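In the two complexes that follow, chain A is the common piece, with chain B as its partner first and chain C second.
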Partner chain A sequence: MKITVRAFARFREVVGDVTALDLPEGSGLPALLAALASRSDESRDLLVDEQGTIREHIIFMVNRKRVSRSALDSIILAEGDEVAIYPPVAGG
Partner chain B sequence: MITITHEDFDPGAYIDAARDRQIGGIVTFTGIVRDDGITAIELEAFREAALQELEAIGEEARSRYAIQSVDIIHRIGTLSVGDHIVLIVVGASHRGDAFRACEYIIDRIKETVPIWKKEHLEEGSRWVPGEHS
Partner chain C sequence: MLTEREIHRYSRQIAFIGEEGQERLKAAHVVLAGAGGLGCPAATYLAVAGVGRLTIIDSDKVEMTNLNRQILHWEQDIGRNKTVSAREKLGAMNPDLFIEDVCEVITGQNASALIGRAALIIDALDNFPARYALNLAALEHGIPCIHGAVSGYDGHITTVIPGETACLQCIFPDPPGGSEFPIIGTTAGIIGLMQAHEAIKFLTGGGTLLKNRLLIWDGRDSSVTFLDLERDPVCRACGECTQGAGSERGEP
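And then the complex of A and B:
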């Protein structure tokens, strides 16, 4: 299934602003992050720790709804979903 | 009006536009680029999500405080020291709710709205760290 990933700020500089991923049906955010992390050493260092665990400072939105940390592992993505990843915000 | 824009704004024009017969006080917050030894600052937004979040914050403020109007203008793009970053204009019958709502709105913006700042210095550039994850 096709998923669009949008990255912002420091994440955009490392991962690229828009990435089209083709993931197996039933994939969730950990699988998406693993796919992104495998694209470069710099991406991997930014997104996951030595154990492959999602780094704590990453904020996720799926279809422009914020995903709480407790829901990270339970979300199942669907064809055409837009996932945004970004660091803590600093506007205002 | 709630908007994200590259254009500068005139706070006075927004204050005048907020005037209404039911409004007894208008409180504003203007965020400005401070001179921290930078040459410029770059503001980036996840525009669609940021606009949606600003709208939600405006609605939250209206439901929590007795206010009549809310305007939020947030700039993006490359700004210099002294430039406007953000303007919040709250109109209410009484000052207490206007002050509290204005503070609530700027605090919430700093917590949740997907906007980031990159500072440019003589010796390079750095992202301003966010305080909320």
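And then the complex of A and C:
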């Protein structure tokens, strides 16, 4: 199934603007994040920490609805879903 | 009550917001947390719009590397307190403006006293520990806060109304890392200006505020995306189970 990834801020520089990913039917959000993390060392560093845990501060949206941290592991994706990833900026 | 001089000075915007709107600006006390990349453009436009009272909080001194974006600070100000530099420039732009400058780091211990009874807070800070402390104080006092942040080509802004919208801790439960960030001056200018714009709308009652919406600015292609927000019922700062529990989270 095709999943569209919309990357923002620093993550957009690493994975590009809009990326379509082909995942097996029934894949969850963790599988998509693992696929993105495996694309490059930079991509992995942005998404996960040294222990392999998804970085806490990143905001994830599926079909423009925010996914809470606690729900992240249980989200199952479907054909045509759009996943947006925003690593928030902090400067001023 | 507006003076004749004020009616003339602000005539181009009074034609839009009315004398009542202008009086609201004149009566307003706005706390500006941070006199850097966001704070400089935000303060500039609030000052010339006729906001009556500004409290500017920043503990830093002007450095050479600030000058690509912090437009109230000039070469001659290097080594001086940012609050003093900002007060001088803003006072010259609009002598009717009452400005207090506070050269302090915002912490969980002083945030509540610093914001006092302001009508509005502009979060133009550059780090999340201070932002969390400001958020808690704003929630405690019920003062709306316009949050903005930037890095490189990227920025975001939202308006937090205590008890009504998601608070800063709901939106960003965990702080983004990093201390020194790369920045194009115009990115800070755009988001800082949006903060001033949001403030003017809030104070005059015009337009639609960025309540429960995070505006994400991407300067690479000048695109804007909105993220819908909602309160987190178990938020460590504003969640119902933590109301009145004090500021155990987020103090620097």
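As a working rule, the second predicted complex is superposed on the first by the 88 of 92 C-alpha atoms of A that agree within 3 Å, B and C clash if a C-alpha of one lies under 4 Å from a C-alpha of the other, contacts with A are read in each partner's own complex, and residues count from 1 in each chain.
Basically, a contact is a pair of C-beta atoms (placed from the backbone, for glycine too) under 8 Å apart; a residue touches a chain by one contact, two chains touch by 3 or more.
Quick caveat: nothing in here was measured; it's all calculated off a predicted structure.
Undergrad: Shared contact residues on chain A for chain B and chain C?
TA: Dual-contact residues (chain A): 6, 8-10, 12, 56-57, 59, 61, 64, 66, 84, 86-92.
Undergrad: What part of chain C is in contact with chain A in the complex they form?
TA: Within the complex, chain C touches chain A at residues 34, 36-39, 123-128, 148-152, 154-156, 172-178, 181, 183, 188, 216, 218, 220, 225, 227-230, 232.
Undergrad: Which of the residues in chain A come into contact with chain C in the complex?
TA: Touching chain C: residues 6, 8-10, 12, 56-57, 59, 61, 64-66, 68-69, 84, 86-92 of chain A.
Undergrad: Could you list, by residue number, the parts of chain B that touch chain A in their complex?
TA: Going through chain B, the ones touching chain A are 31, 43-46, 48-50, 52, 74, 85-86, 106, 109-118, 127-133.
Undergrad: Contact residues on chain A for chain B in the complex?
TA: Checking each residue of chain A against chain B gives 6, 8-10, 12, 56-57, 59, 61, 64, 66, 84, 86-92.
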